[in-house]
């Protein structure tokens, strides 16, 4: 059953991952190798478990009571769900940007410095704050009000501040859970530009419900779908349908349901 | 013909009586709401009026004198004021870490949810136990139990003024401990509610950049909940200052000032409970003066609590 | 790289962070145990010690004066009825006034200056020490003999308890009514109901369970209060036999506990424990009952 022939270029590998909340299985049997320094997007209709899977990659699901995972998530050759793993350590290497912008109720400067300090940053803090904000393409908006609250920014700026906060801790992988779903088209565009810049240095996994966005930003795409759990009882289980280069996926999908979803027949 | 009278609905136009009921009802509820203000003002007015004699006779000297002599008509409430402030603040110092610690423990996912609910429920039920029953328990069970420990402290640290008298039963220390028991539920349940209201996205943000559980609690969760926690602490302070029965039963009721926390002492409320029934003449007026001081103290604390909750509320939406 | 590179993801128990986290977790667990301990100890002692003195005689006899008979102190019957009667008097006064005040705050003046002041006032009144309520009633009712010449009386005791119940009832009524969705009000107005009809037929029934939760809690608190009674109702060893007796001293469980706990006689102390048993059992039941009602029909957004 164990097939750990992990390619040297892959950063994160999902190996037969199934996740359940309490007794209800949310997503099952996911196999997927995610390439280093590329952008991989997870797409699929709502309820297909794409957010659940991305949250499993840095053990954010630990926060949800009754959430159980079987199979293994391999990060740089280590199963991060093994007994002796420190989830805090994992999250320092695999950062996350959330659906809703969630800056801390602190100043813009502190929002970035806090994470850096938590991770034991030893360099020049002012420089780190500036660099991170520049990389996240929000420096121009922030530079004159670093001491104001993170909440004084607009929604799109807040989200880029959250990206800057994540970049500042120099993770290997950045997870983004529908980072643009709460934003207007202009802010979305800016964040997509940021993602393009970031993939030079980081491995990025992004969950999105927007297929154009997946097409625009990602090198690889994983399509998740749902099936009825039980004919009578209802309830849905998510599963991975297809995982391929984005180009192939959008031009010549192998599965019919992928074709249907991409052409907008459901979802 | 008028349209209304041909209708099947006899009340198409409102009758006078219906309008009267509407207006009357509104006036009644306005009057009832005003009762709060009336009662509050009367309490202040009556207590102030009754204490005018003492206020004019002693003035501010009353606050700094420990004399309490019905024979010579010399009164001063220093011991009681000191006792009120000392017992309530000392109990707060003990209860804050216990209460906030418990609140954190039952809002984090350290143990299964039903166990946390049981702990939360138990602490809140503690608030339902009447003060006089806690007093009874303190007199017969708690005080005899802790006396050997207090004696050990006295034997070792007796040279420090705070521990300089031998614990012989009733005294300030047992009163402080029973106050801790009484204010714990307030601090715990209000802290718990404030911690629960912190949006989960803040916790996720902290975990998402690799903060550990307690870094998240101290640097993100508690700062976000601090207004509620402070409000709860101040409410508890107000409650501790006004608490009467349990304290009266265990503090020893002595107007002799002592620095020692093992010596019998007084609080304003225990002085009232003890002496008011048998007092007459200028003693009543002096007790009313003391009551006025207690009211002003609790009022200040309560108003400050309401103000700080408003002031410190963070906007994190 | 500016971060101490830790290539291993394994849990390192000797890391300062992990030691600190573990220590803090253990401390918070310890604090929880310490916080729960008093309740368990108080309840165990009251139930076991108090329960052992409970029998039919304790429940119905009148208490003997301390020192008369060293073996028996009689019973707590009049104290039970006294507590009941004074709580009823307090409810008769405070429930209508409190609910009425709450209706005004929630239905008539949501954010006017007067309403703000009343809300602030009821918070302040809730913070007034209970002994002050006793002092106040002593000054205006007992010492003035305003109630047909009687001084200490069950009625005076009931009135001072009502002062303590009032703010809680106003607050819970206000908050319960505010939870009733405005759609229901608009619906009632939409079919031409008057405000009085709307409140009595729509919003009050909708908020009924939440209001009764608050009323029960206020009642439970009042029934256990001692400080407001010690110089308003004082204490009596006798049952009331007629309506007139309401105007005389009245015993209560809480004052009985206070008086008899401090007596040097064993028999009286035992009576105090027996009275505590009754009081604690009743109050805890009322509390649990109100919680249960609260979970039953709490008016929430999901339930409309």
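Which chain is which? They are A, B and C, in the order written, and residues in each are numbered from 1.
Everything that follows uses one rule, which is that contacts are C-beta pairs under 8 Å (C-beta built on N, C-alpha and C of every residue); 3 or more make two chains touch, one makes a residue touch a chain.
Computed from a predicted structure; not experimentally measured.
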Distance-maximising chain from chain B - centres being C-alpha averages: A
More contacts between chains, B-C or A-B: B-C
Inter-chain centre distance, chain A versus chain C - centres from mean C-alpha coordinates, in Å: 51
Rounded Å distance between chain A and chain B, as computed from the means of their C-alpha atoms: 48
Whole-Å separation of chain centres (CA-atom averages), chain B against chain C: 14
Contacts with two or more other chains, residues of chain C listed in rising order: 17-18
Chain B residues counted as touching two or more neighbouring chains: 212-213, 215
Residues of chain A engaged with two or more neighbouring chains: 88-89, 92-93, 119, 169
For the chain A and chain B complex, residues of the former touching the latter: 58, 60, 63, 65, 88-89, 91-93, 95-98, 100, 102-105, 114-115, 118-119, 149, 151, 162, 165-166, 169, 171
Residue ranges of chain B in contact with chain A within the complex: 109, 113, 199-213, 215, 219-220, 223-224, 314-317
Residues of chain A defined as touching chain C within the complex: 75, 78, 80, 84-86, 88-90, 92-93, 119-123, 128, 169-170
Chain A contact footprint on chain C (complex, rising order): 1-4, 6, 8-12, 17-18
Chain B to chain C touching residues, read off their complex: 14, 18-19, 21-22, 25-26, 28-37, 39-40, 42-43, 46-47, 50, 97-99, 101-102, 104-106, 108, 110-111, 119, 121-123, 125-126, 128-137, 139-141, 181, 184, 188, 212-215, 235, 238-239, 241-245, 248-249, 269, 272-273, 276-277, 287-288, 291, 294-295, 298-299, 301-303, 306
